[in-house]
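Lettered A, B and C in written order, each chain numbered from 1.
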Amino acid sequence: MSETASSSPASRRSFIRQGTAAAVALPAVVSTLVACGETKATAVPPKDPKPATPPPPSAQQKADQMDAMHEKGIKAFPAKTEGKGNQLMEPKMEGRVKVYDLAAEELQWEVEAGRKVKAWAYNGQVPGPQIRVREGDRVRINLTNKLPESTSIHFHGLELPNDQDGVPFITQPPVKPGESYTYEFTVPNAGSHMYHSHHNAAIQVGQGLLGAFVVEPKRPLAAHKAEVDYVMVLNDGYHGYTLNGKSFPATEPVVCTQGQVVRLRFMNEGMMIHPMHLHGMHMTVIAKDGWDQPAPWKCDTLNVAPGERWDVLVKATNPGTWAFHCHILPHAESEHGMFGMVTALVVKPAVA
Amino acid sequence: MSETASSSPASRRSFIRQGTAAAVALPAVVSTLVACGETKATAVPPKDPKPATPPPPSAQQKADQMDAMHEKGIKAFPAKTEGKGNQLMEPKMEGRVKVYDLAAEELQWEVEAGRKVKAWAYNGQVPGPQIRVREGDRVRINLTNKLPESTSIHFHGLELPNDQDGVPFITQPPVKPGESYTYEFTVPNAGSHMYHSHHNAAIQVGQGLLGAFVVEPKRPLAAHKAEVDYVMVLNDGYHGYTLNGKSFPATEPVVCTQGQVVRLRFMNEGMMIHPMHLHGMHMTVIAKDGWDQPAPWKCDTLNVAPGERWDVLVKATNPGTWAFHCHILPHAESEHGMFGMVTALVVKPAVA
Amino acid sequence: MSETASSSPASRRSFIRQGTAAAVALPAVVSTLVACGETKATAVPPKDPKPATPPPPSAQQKADQMDAMHEKGIKAFPAKTEGKGNQLMEPKMEGRVKVYDLAAEELQWEVEAGRKVKAWAYNGQVPGPQIRVREGDRVRINLTNKLPESTSIHFHGLELPNDQDGVPFITQPPVKPGESYTYEFTVPNAGSHMYHSHHNAAIQVGQGLLGAFVVEPKRPLAAHKAEVDYVMVLNDGYHGYTLNGKSFPATEPVVCTQGQVVRLRFMNEGMMIHPMHLHGMHMTVIAKDGWDQPAPWKCDTLNVAPGERWDVLVKATNPGTWAFHCHILPHAESEHGMFGMVTALVVKPAVA
């Protein structure tokens, strides 16, 4: 019924149009990076008492240097990094119970090529593994806490019995370092939900203890049929501005073929709003927090607030590589080029 | 028809589940507070030249100390503080006119136990007294200004004649210190509205000159019938992150019985959005700024922007104590535990 | 069918009600400004060794001084400044093609009387000239780059062929300083859209490279008929808090006659949300990002996020001058009076 975007990075890159701007010599880029403070002072005295000072770059050269940085980022997309979050997790079956083992532990997470950050993660992924079940399924979550502080899991959006709600000292004791804790419930309501820590959460969620919990409905609506089903977790905490745990150009493009329908499930696990803007085609909003809207409505910029989930359908009518980014521009672009909450919707031409 | 949540703090506390975590010795908490800088250096020289340095706390001890702080806050909820805002105000009747006397004055307001802040308040309450009238009522507001600067009242959301709009130098002169001013009008449109200063308002409203102005419709819809009707004013100004003028654990729980319908009226008097997240049950959004939405829609996280009012219904199907908080996590939790914009929806089991 | 608000500043001023507060002597204002640091120290020694120190102002005097500043701003509205953005641009016709020449260049822009800022602007306007075409029109945009860095134009909201999307290195090369570039397309979808730079955009758009691109539908809905059609571009970047490139009191009032319908097209080109609040009358929301909502809905405070466009209708039933502002109060008022994102809806009484 649905599949996650899965073409290889190499084939994705071919969709990025080759820029026609003239190539820029590497030293120009390097000298710009020098201006950004990335070199160190040297103690070696100059041999020539009157060294030839290079002339300052002209306006044209400066523009070329800036463009080269911009081009470099785009050409690198999707850049290879270590680790991939939000991967679909297969449950173990114990009788009719779907069992998910989640271990929370500290690790280094590569947000973009060469930039590693401290992360607290489930099963080594930021976001944690994607749990995707069906309304009415019996589910067991075994949480093991390998962190230096207590934790818990709240299933954000699921209408569970109170003792499965995951709030320490209200519905359960905290899960201490080294301990395990088991949640078990029958999945009550369909939709795009999340799971995340509810203990010291501003810090624990900010560092990566979060994931998607998608519940397929027992009776899916024909109007919601989609060939691609893509979860996009937005974040803006300790790891910077990220989509599924990565910053552009290390983000993952959403890939489809002309004529297909793409379902996007936006989930905001950050502290700020992110108005996600898709170029070239509109989005049809069908659900909020897992609940169908009374009537679908269209937009090209969807404001996603912390804790919210919004489901949209995109009818991929318009072939090409389309920028897709947060429209708070400082979350998406600097003088050094696009970064952060930027990806692309790649619509491959339908083959006749 | 409707009532405000009114069970006693003592009975509310009993709804908070007793955590099963081991009790933590008080000195652990104290030593943590010391680490937060709450003690002063002492000039007394140590008697022993080689005092026994206590070993640094182990990871386990640190986790226990953090948990103890978290537990302490939750166990204190709802914590007793001086002063209660948003209390329903009974009008004086002068013929068929409902008369409300509001005095604006400076006072100290206890936001949470032991934390008092300077406030500018109507009738000693933050938020000011709740005015609740009916569409078509004749209303008179006598404002007395006991502040050191001029003020005015704008009835935010009411479609009044221009000279009752409360904007100094546009629709009226400012009300000077020591002066009084009278507003009088026939209530034109139903819904969840607000009243607040419209003079030097970033500061005056930020310091507390605000309140709820609820207008019951002449012909209430049967579909909007609710057993509990609760106004929740969100704020984030000089007093910190507050719900009805208090920070967790001094916030007030919303209390109902299983099977009841709770109407929540969110009103944002702050400067930031607050996506309010209810655990365990969804909210059905019925009105925006006092106007019915064309069709109700469901969510569990409702983004409330400054100046907005949103009315929702919650069918209290799920018994228990449910966390209810702003999902911008730094508005709700720190390493020291939950604080700020956090309360609970307490659904008491229906007695058979 | 529609017209932009166009009465003269003089006649508009007459709609501002004369405040009845006592006049305040100018020296009071001056001394307050002194307190704000606008004068310089003088080196001339005092002649009298024991000068008479003026007594500090009383609370009453301080209140009067503050009120005088507030009054001064309101009485100045709409204040005259150099330059006006968002002016309707007439195309050149080349056959059946509507041709718009846009030159991007640096200039000084007067945001409010006496405050000039560096701006990057299209055709000397912030926002750039308003482009208003019809669904199905053939349009050509000739961009000339007179800036010291490369640029491009993205037509935000238009569903164009990929090579007209304006994203350097993805859909086109950057337009270098001194170069020109031509976009040409058949206008695909109606609604309130925008055009702006998509290169180094956080800075280029922040400095003014933005404008409204309104597409009239081929078959306008009778229910959307409006006598006044007003585009309001919100911004919060390098130029401060602005409406159509100006800060209060230099903003432009929206003027209509009682009984008319005003269509407002909010467009957010900034980095923050702006919940726009209209006094005295509600707004009926009809479209989001150029797409009709499934059913119109009412509000008085509309949260507009970056990149979003919202179209509303106001039935001007209530005569008077109505404050109209962002309800994030620090975007609209300081101790010195209203500023920034404030204007007025002026409803002139219908003449019998």
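Methods note: a residue touches a chain if its C-beta (ideal position, glycine included) is under 8 Å from a C-beta of that chain, and two chains touch if they have at least 3 such contacts.
Being a predicted model, the structure only gives us computed values, none of them experimental.
Q: Taking touching chains as linked, do they make an open path (line), a single closed cycle (ring), a hub with spokes (star), an all-linked set (complete), or other?
A: Contact map by chain: complete.
Q: Between chain A and chain C, two copies of one chain sequence, what rotation angle (nearest 5 degrees) aligns their Cα atoms?
A: My answer is 120 degrees for the C-alpha fit.
Q: Just the number, please: Cα centre separation of chain B and chain C in whole Å.
A: 34
Q: What positions in chain A touch 2 or more of the other chains?
A: Within chain A, the residues that touch at least two other chains are 273, 294-295, 303.
Q: Taking the complex as given, what residues does chain B use to touch chain A?
A: Residues 16-17, 19-21, 59-60, 62-64, 66-67, 70-71, 74-75, 273, 275, 277, 279-282, 294-301, 303, 318-323, 327-330, 332-335, 344 of chain B touch chain A in their complex.
Q: Using the touch definition up top, name the residues of chain C that touch chain A in the complex.
A: Counting only chain C, the residues touching chain A are 148-150, 154, 156-157, 159-163, 165, 167-174, 176-178, 189, 198-203, 205-206, 271-273, 288-291, 293-295, 303, 305-309.
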